[in-house]
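Chain lettering (A, B, C and D) follows the sequence in which the chains are written, and residue indices restart at 1 in each chain.
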Amino acid sequence: MDPVTDALEEIHHRLGALREGRVADYIPQLAHADPDAFGIALVSMGGNTYRAGPADTPFTIQSVSKPFVYALALGDLGPAELLRHVGVEPSGNAFNAISLEPGTGRPANPMINAGALATTALVRADGPAERFARVLGCLSAFAGRPLDVDEEVYASEAATGDRNRALAYLMRSAGSLRADPVETADTYFRQCAVRVTAADLAVMAATLANGGLNPVTGVRVVAEPDAVRTLAVMATCGMYDGAGQWLLDVGLPAKSGVSGGLIAASPGRFGVAVHSPPLDASGNPVRAVAALGEMARRFGLHIMHNSGLHAATVTGAERVERAGRSIAVVTAQGGLEFTETEALLYALRDLTPPEPGRLVLDLTGVSRALPGAATALAAVLADLVARGHRVAVAETLRLERAAAQGHAPTWAVFGTREAALTWAAGEDGA
Amino acid sequence: MDPVTDALEEIHHRLGALREGRVADYIPQLAHADPDAFGIALVSMGGNTYRAGPADTPFTIQSVSKPFVYALALGDLGPAELLRHVGVEPSGNAFNAISLEPGTGRPANPMINAGALATTALVRADGPAERFARVLGCLSAFAGRPLDVDEEVYASEAATGDRNRALAYLMRSAGSLRADPVETADTYFRQCAVRVTAADLAVMAATLANGGLNPVTGVRVVAEPDAVRTLAVMATCGMYDGAGQWLLDVGLPAKSGVSGGLIAASPGRFGVAVHSPPLDASGNPVRAVAALGEMARRFGLHIMHNSGLHAATVTGAERVERAGRSIAVVTAQGGLEFTETEALLYALRDLTPPEPGRLVLDLTGVSRALPGAATALAAVLADLVARGHRVAVAETLRLERAAAQGHAPTWAVFGTREAALTWAAGEDGA
Amino acid sequence: MDPVTDALEEIHHRLGALREGRVADYIPQLAHADPDAFGIALVSMGGNTYRAGPADTPFTIQSVSKPFVYALALGDLGPAELLRHVGVEPSGNAFNAISLEPGTGRPANPMINAGALATTALVRADGPAERFARVLGCLSAFAGRPLDVDEEVYASEAATGDRNRALAYLMRSAGSLRADPVETADTYFRQCAVRVTAADLAVMAATLANGGLNPVTGVRVVAEPDAVRTLAVMATCGMYDGAGQWLLDVGLPAKSGVSGGLIAASPGRFGVAVHSPPLDASGNPVRAVAALGEMARRFGLHIMHNSGLHAATVTGAERVERAGRSIAVVTAQGGLEFTETEALLYALRDLTPPEPGRLVLDLTGVSRALPGAATALAAVLADLVARGHRVAVAETLRLERAAAQGHAPTWAVFGTREAALTWAAGEDGA
Amino acid sequence: MDPVTDALEEIHHRLGALREGRVADYIPQLAHADPDAFGIALVSMGGNTYRAGPADTPFTIQSVSKPFVYALALGDLGPAELLRHVGVEPSGNAFNAISLEPGTGRPANPMINAGALATTALVRADGPAERFARVLGCLSAFAGRPLDVDEEVYASEAATGDRNRALAYLMRSAGSLRADPVETADTYFRQCAVRVTAADLAVMAATLANGGLNPVTGVRVVAEPDAVRTLAVMATCGMYDGAGQWLLDVGLPAKSGVSGGLIAASPGRFGVAVHSPPLDASGNPVRAVAALGEMARRFGLHIMHNSGLHAATVTGAERVERAGRSIAVVTAQGGLEFTETEALLYALRDLTPPEPGRLVLDLTGVSRALPGAATALAAVLADLVARGHRVAVAETLRLERAAAQGHAPTWAVFGTREAALTWAAGEDGA
């Protein structure tokens, strides 16, 4: 009994009947793909995997490799330097468009072929062999298992890859590619021919959704800011010429590939992957697009939909009598981001009178706090203490360490609410 | 003492020194704007307002009106019908670009002038006077106070508005506009000349961030899905030709106007507005863009950054001895969306053995649950009961009502954890 | 018995069977045109008219008016000033394309609607009524008879002319149009609704081919350089998006209109017009395009085909004994342009030895000489005389007048070859 | 003493002072070109050469090779087949633009690099070595002397030719190029590195102007229709993005190259070439463009300027009394093309009454007649004879041979006017 699997299976069952689209046929190896192959996998931030249909069928990753290699290059060069070579604007064009910026020859974004070629060429390495080894290593780390290359697909891609060679030559002539064009195209063909399953892709997407930390293996694959940047680029450039419609309908950063793979990432929630070879006119897998739309509607996952659930950070703001003294007690729970911290500080301010008094802040239900939140909180507490309040905090977050960096931590810290209350009701209060 | 205000003031102070950009001068009324005017306002989901600089200086709303009127038209026509008239794809062009879809004459998106004209013309009304009254009413509801028109600016816009009239004629000739072109342009000029302050715009943005419910007045202005759609369109089309870079750097849906206004919305968190007349080459206010970038970095607000804080839904999963019986106790807190529910169900499944046992689910810390979450939870509980488990739930969410729609609610419900534990340890358990 | 008419009739007969294309139907008045209407007319430089089919059926001139009004505006403003407002580059786009130059808003050329609107607006006049009167007067002078307006077509064009109004507004907003947009469009609609016949259009085209002098009425309509410029613009911009193919196949400057008219001009030879309403996908009349291709092939009229016929300028270069003296005699005929003059001068140089001798230049067969040719010839003759030659010229061209402007005309001039020979054989020779 | 040379030298002298433009520097071998090098050469249809400045300085032909190799390919494939691979429309873009037709991948025209690469690859040959040998042989035949390759320039072009390789790969991937991309680019680099002088280029241009027959060597290099087609393509596509302006101002088909060469051809008149390395922003040689403009103005060479000089074909149309009989005598001279024939036939018809009479047609001054003209004339004469006229023709054109192909040649033919008159006045007349 598992409602997530239930939902995926219901979607899988219904969309299995969808008979639209055409399997890519520009090379025989892709044309032979089974049009009925249809697998879904979802990996949560806790590393749990849910599946529907055969999610272990191998296929080549193709363009779905692009965001992951982009994240790798972000780590190698840093965002500013990488931006000098590869743009981040949607091109409004097909995947193999020649979208080079006039003047600089910079490709529009890393999700079109030109940008992907440039990105691959920028991965730091001594020569193409090491470069591909790093690319394969990166993809494997995202997937959480060693991946390999489908040599037959690679050979076919290489045999028909004139357009990508053309793009590479164009970029070298424009000065936006330093590497050898033929070698660069070759590395990229190998990258596209890396073999994955829907389950692999779901782990890879979940790793991006989890800020670069693989939720299954626990390994940090890329730095968090680079995962965030990669998702941002996927949001505007990942779905070719329908980026606006996709973000409107599905509301998740995504990337598709010509072999029928599609990934989407819900930041902080999960990664999902669908495999189904038949493609629509834009080159996106028909069943995968429909499945994601269905999941978004059903699970309420739209990135612009953030329905105020987090507002319940402050679960209590009351006055408690203890030992004949009135103590203001503010209780909070959950994680402290901007919004939660704002709500907490607002409650504190509201409850504490101008004249000195007694305050207990119960943070034992708070699981984690962003550094900024901790700093802000410490500042407010220090201010209250300075104004004569007797302040006790029950917490396990080690707020004092943040606070110590700027303010004298003169409030008392306890491990439990009870201990804090007891101390706050003590003699030496205001 | 208020760290949010502190941060805003620090940003305001630092960026006040920025002397780049040029005040728009295509009409004298805009050219006279004070280049030093610089106000910031932020409104949280709790309806709290934070300010830095003069946030009550009036100026005309200009293009910042576009997303709000789009949300209004979404409600009038529904998304499918509106999409037939106005696209949602980034145009990669300047604000006054002629981005009409070949064949249909449909403007690319509602954030460029052509799309805004078409959107305004679609607002349901008997004639232009009523149409503008509805537009003004909508903007006022978003702002939470009655707004009015700067008649002088309106007159100047009307006198120099040939390009917008041209766009309207083009669309009527292409069949994508039914209304009279000159009247449509006139209504749009009045819409752009509506007078607002930075504080107003922050409330308006916060209303979008809050799913269409004005967090200050408590009035629902537009339906939640329409607010979500509007934010999605802002994310890809709101910042003219730098949408990709903006989403990468700032990571928030936004919209700017030629009079120096800029809004951004952090879904479920806050709305923010900056007013500063000098514009950069793309037509975006220089200080406002810098301020948003700074806030995003400082507050960690990037929409793709969702750092797993919510994962701490399950705060306890343990076995408790009570009255000599071993009871599995799962404790959760916060809001239950997809991710939280998934984590909770996973914990339940993990802790309950195949053979019948005793289970307490403590949801007293759970503030709210999406309907889907409640349904899924009820299904799992019903299944456990059916398999012979003795299940008690401590909650105030009325899960049973959701459950009753599909499953016999045979588990026990209590208001406190203690009561649930006591009952779970009772005689008639497994 | 007339071979030109024979050829036209044969072409007319054969192409009458062509059943492709569709009559324009954007207004009912055009949609009612008879698809079988098919007339051809050709007017030679001598003013002779040849016809096949009904060449007197009236129809509205539509876009065929564009080159004539352009020629009028060239006269009003001069080419440099007109170029500041209307470009001369092919746009590679459809007739109603928005081809405004970035920055200036200048339309690409006067053969697309935007350029035609701008051109009409530049015709010098006090107000729209006088402006249209001048346009109508110009078209009538080209046709050699008073033309009038089809008021019904005009009214329909005005009722459906939003796109042209849009173009006019766009240009005024871009600063490339000063006049009132609605008035400008209205004048242009009247211009397009002027009623002509195929025979009229042939006279009009012949007037351009004849350097602006109407070969039927003998009236100079526009200055010769302006006629030449107009033909040059027609050559690159007249046939919409197939300019290159048209110049390759037909090799004549041409212009077509939506009502089925097509004109072509063979400079210095003739003007031709065809009327046949069904249009191809590019908006050009199917039978007219085919008829022109046929004529070009059959008559050898390609503008790049200039088959050396003129090389026979020098018909004799010999030594003649007269009165015991050897006289070099050079005989020429025809017109003297650059090439002919070059050939003549070369023969003179070739036949005259370094030492002084006797020379007769028989130009009695020369019908006309360009001023530059006469000047060059006079210079060479003066040089020969200065070097001691006894030179007699038989001519009626008044070469001496050209010569007198720079050289002492010391050669003898006679009306006949015989007189020249007699004098050249005289006593006082070298 | 030579006025043509005088004019060229005057232009050369004046423009030598022009100091604008920049020598191409993308390879060192071009960057070293002397910016003061400035030579002009003109070759007439009679094969005479005129020069100003050093016209024998060698430089590489670069893009000026394009029209000549296009003419060669026209002969190899025929125009219809070649058109399937290379279009003929102006691209409105820079010389190295990627103007491939959507769908087919066909380059826009043979004057841009993509089209030139495709054209070179289509030259029939067994392998690249033979292909280049044929290209070199063709260029040499146009120049009238064996040309060779500047190996140093070739090597540099090859080293920096990535953009051309990119274009070749793009075309192969689009299916519009079958040959090996790297080999094709290499052949093209060698073609561009062929060494010529201004004098060579003038002969080459004159050969095109002369219908493909080299006027200096007398060798036919390409068929006349192919020369005409090549000039038509030069007229619309030869001067990059200023084709319309060039045709307006100069009115001659032309082609420029990056090493400073520029050719122009006046059909039936001459070919001209200028060499001057500094280029303007469009990549055209500054002094060469100015020199051509000057020549066009001075010599009256505009292709749309055909000033009615040929109208004087009929030099006499009179009634002569001879032996008491009235004889209609029509005298003509010059070449008989369409226009001249039309004028002659018109005079014949005008002078001959319905009732049978006597007619002499004096064609002794006619130098040449197009086949169509001879046929039309023979038809008219046969008709007159059939109607009972006594017709004598004085001519040396062998009209009867054309006539015999369709009509009984029953008119009398004589070598002189006098003999014709005598016979026409004879007894057996009407």
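For this structure, a couple of remarks:
The definition used in the following text is that a residue touches a chain if its C-beta (ideal position, glycine included) is under 8 Å from a C-beta of that chain, and two chains touch if they have at least 3 such contacts.
A quick note: this is a predicted structure, and the numbers were derived from the prediction, not measured.
The minimal number of chain-to-chain contact steps leading from subunit B to subunit D is 2.
Each chain gets one centre point, the mean of its Cα atoms, and the points for subunit A and subunit D are 65 Å apart.
Measuring from the averaged C-alpha position of subunit C to that of subunit D gives a distance of 20 Å.
Mean C-alpha position of subunit A lies 68 Å from that of subunit C.
Contacts with at least two other chains are made by no residue of subunit C. If you draw each protein chain as a dot and join the dots that touch, you get one closed loop, with every dot joined to exactly two others. Pairs of chains in mutual contact: A-B, A-D, B-C, C-D. Listed in rising order, the residues of subunit D touching subunit A in the complex are 98, 160-163, 165-170, 172-174, 181. Considering their complex, residues 1-4, 6-7, 44-46, 48, 79, 87-92, 109, 209-211, 224, 227-229, 231-233, 235-237, 241-245, 247-248, 251, 253, 266-270, 298-312, 315, 333-339, 341-343, 345-346, 349, 365, 367-368, 370, 372, 375-376, 379-380, 383 of subunit B touch subunit A.
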